[in-house]
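After this come two complexes, each holding chain A, first together with chain B and then together with chain C.
Up next is the complex of A and B:
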């Protein structure tokens, strides 16, 4: 008897329409629950962004400058250095994202089929997900520098006679070292997501296509690829945004001039001449705006292609 | 009634050439992913290892003695990293549980906007944010201090913590709490004995993510720590720049320790189907 009563009491509130005072209380509770998280976003994140924009417009009260102007942007846009950094950053992000995406889809195709040792292969595939980029960069440096591990192997194989003969793959013009590090890390990230999407899609559609006479390429291109496209897109967007704004990998593996945009912003920021501050802020604001715009365009384009 | 063939029987029969191709592909994946770790391991034990030698000509434990020995620099950096990552994780759990509950269990006006705001730091790079806020941190004495560094680490960590907790609460049945209340449980008892056990696995996964993100953070620590708060990645970077390969390698191996531990504990959850995986893309 008592047991039955409990159940009834417990179910009651769900069935009853809530009075007005309840709804207000619920709203108040929601605000309390979301408050801490939203404070981090609004005060730290948006506040920081806003202050960066203000300082890029020349609002620097600590050195007595409170007049707003576009001078920083004007002087930035007149610098060759800025354009070369911008091109370099775009190059790094597009090539890394593209390369990692292609490799990731290929790896996911291999890893989704059952074979002996697949669990271990998948574990290795996950292994470098949580490895910090900085360690990846050090690994790439030790492997690919002109006196690195691969150069020594090349010497052993009598392909080169001295370190200078080994192609410059780090601190180089084309940022190969940086791209290699990003591809190495991001392939696993995109691959794990694509693999999960492939597994939830299953093989039924491809088998149906096979019985209708589709060959391997057709099954991939016209059946599987459209099904996994949303997963590929969302993963590669995150990779693009990250590689465009990331700092430590180009700082360690990049040429000094031109440097990637985030490194340029940091160099301006730490310049002894405080007049560089607004320009440092302007560079970082440009990075943020470009990432947002490029991702917006990318999402819109891919949606249109999907329709 | 016609018997439906199990799907395996229609699937492509593995031919010999096929399986060799697969082994080559799997081998390439495994070797390609593990290769960068090999020189790290060898360098950390090397003493003399000049150009054409493929293996060190002299081995030593100098680098490891530096990391764990009497030199306090490395131990201090390890300590800083650990304290900062732990504090960031605990704070983000405290922030993430209520926010995740609100997003996972409740429908309300403006939910899409809240979700968008909380996700924004996953797309916009933290560079502008950190540079912009630096001046306020200097004004209030937060720059060059541990609390200041923890505070900025919350920016990249919070979105993922909230996402993880929101997906935990989306599969949570709040009626159990109602039951406990009708049985006379006080609010803290309801939380401690009913809610917490149910969401605990989510807290562990989200907490590990938060720890790893904070542990790996370089730029935010560099800017806000102002060279006073030297965490492990900062120390590692300065050695990598100075060209002491042995110590760089040993520090790198220590640096990836928590990541490997994390993977062993959570590899079941790292399937890419959960929101948390996005956090890893930030590292």
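Up next is the complex of A and C:
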């Protein structure tokens, strides 16, 4: 029967709200799964930060000091050394993050092109990823110090009269050695992330732009860069936060005065005079606050640049 | 207005034995719409991308008004391609997307704004300037993509499956818009599709490709009325194929002798083809090209009815099943099992070469 037959309407599953018990179960499962990771963050990171804040406020029961005050911060902010250290740390973080980001994006642009031996090139590019910063710092020392490999090479090649004439790239005013180490180590880290983002974006948008008349630079500036900006941002923020807060490379490759903020904190912390402890903690708290604020500013600026 | 000539255009991808496009030669007339039609993987999008300059040909030439553009970079070809998945820049608003091509050409902001506004009116999307692509429907995105392509006034407009991502009800609307816009700008337009209906409705000329090779090129009617081979006929909905032997205007077939006015092929083995809608069912009075058969099945399709009729073939030929499309009301006249008379009008019969 063609016209008189019953029409069966397919019953679609209704989008019913889940019952309360289900939602509670889901939440419980979520907490259970995130628990181990969260407990590490809460106890080690937030606990440590809380302890640092308390000690920076003068709470040091082990030397009989329990009264809270802002003296450590006042003392710190009145010292020229603190500002010079702050400027140096900002310089190191901005230049090394910026340099590594530029190099990483350039390398990712090359590595995403099809060419013979690309897999090998990508493998070599990420080789230094597992090498610790300390090893990198020693390498920089061997290579770039005035008694290092390059200085000797320049001397042998009669480019300089004695190795001491080699420009000071380590323990120097502009922290070139520190920046070189951070750039060396961070370029592949940012590059791998950016390369993955570029590959997921693909080339279709750029091809569309190309047929609309965009040249190579315009395609990069107006199409690719904004599309990969989230990847660049998340990778470079991590690098920025690390370089601003890490102390081992500035300690090994930096000059004694002024020293980077984390080195300053370390010096205060290891001072024989325990009265310096609140100031050491104050420096640590300032580093944490500054990193948080700067990341916020950096994200905003980069997003605007991306638009 | 630009005439596009493809001369033995070939593309062999590295590591592949067979060419994606093989010696494709076509002249696509200025100011008209040409469809590159074929099943997926037939090389039509590769051909389109070679015209756009996004893929370099392995051999052959592409001419715009007689001048080779093979060495001209994509951004300087004045060819705009609208992609199947629209590819609107997600970080830009609608007006920024539409004005993109003009910005790349260094036009001032006021001119861009004015032209964007005109173009959004043209594609019937006024007032959506500040929306982001993800806030638009598929149909709206397609219109924005079209506006973005048209605003730069290209010499050639390339459309990659322009309707395939749209719902059925939006297809008609978009088809009409593309047609209107093309008529207004008199743009040489080349589009790729796998849908023969889409090609027939939109295109002035169709190039049908299988496995990278051109099988037929001509106006849409030719594909229905004068297919060059069985494969072309089948792609365009041909179902009835009867092997036979041609002697002059008479073809010996399993249905008996058939008269045919088609003189396209010389005498010898041929395949007779006739479209289902051209076979008359139950018509009295004809003495030639008549066969009797039994209705095996019938399907009511609203506007028409479709029958499968098995015809007992003579001279030791296996039985033939012919498909017939008739008026919807005939569904009641010819129930399953009834013997019916079929008439194959000589002027509707077409011959294609017998395949080996």
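Criterion: the second predicted complex is superposed on the first by the 261 of 307 C-alpha atoms of A that agree within 3 Å, B and C clash if a C-alpha of one lies under 4 Å from a C-alpha of the other, contacts with A are read in each partner's own complex, and residues count from 1 in each chain.
Operating definition for what follows: a contact is a pair of C-beta atoms (placed from the backbone, for glycine too) under 8 Å apart; a residue touches a chain by one contact, two chains touch by 3 or more.
Model, not experiment: these values are computed from the prediction.
Looking at the shared chain after the overlay, A:189 reaches chain B, while chain C stays out of its contact range. In the superposition on chain A, A:124 makes contact with chain B only, not with chain C. Within the superposed three-chain model, A:274 lies out of touch with both chain B and chain C [touch as defined at top].
Of the two partners chain B and chain C, more residues of chain A are touched by B.
When both complexes are overlaid on chain A, the residue A:293 reaches neither chain B nor chain C.
Of the two partner chains, chain B and chain C are each touched by A:204.
In the superposed model, A:135 lies in contact with chain B only, and not with chain C.
Once the two complexes are overlaid on chain A, the chain A residues touched by chain B in the first and by chain C in the second are 204, 207, 210-211. Contacts from chain A toward chain C in the complex involve residues 2, 204-205, 207-215, 218, 222-223, 226-227, 306-307. Those residues of chain B that touch chain A in the shared complex are 7, 10-12, 19, 22, 25-26, 29-30, 32-40, 43, 51-54, 94-96, 98-99, 101-103, 106, 108, 114, 117-118, 120-133, 135-136, 151-152, 154-155, 158, 162, 175, 178-179, 182-183, 212, 215-216, 218-219, 223, 233, 236-237, 240-241, 245, 248-249, 252, 255-256, 259-260, 262-263, 267, 270-273, 277-278, 280-283. By the touch rule above, chain A contacts chain B in their complex via residues 6, 9-11, 13-14, 26-27, 30, 32-38, 40-42, 44-55, 62, 106-107, 110-111, 113, 115, 117, 121, 123-143, 147-149, 151-153, 155-156, 162-163, 184-186, 188-189, 192-197, 200, 203-204, 207, 210-211, 231, 235, 237-239, 241-242, 244-248, 251-252, 262, 265-266, 269, 280-281, 284-285, 287-288, 291-292, 295.
Interface residues of chain C facing chain A in the complex, by the touch rule stated above, are 52-54, 74-77, 79-81, 83, 85, 87, 89-91, 100-101, 103-105, 148-149, 152, 158, 300, 331.
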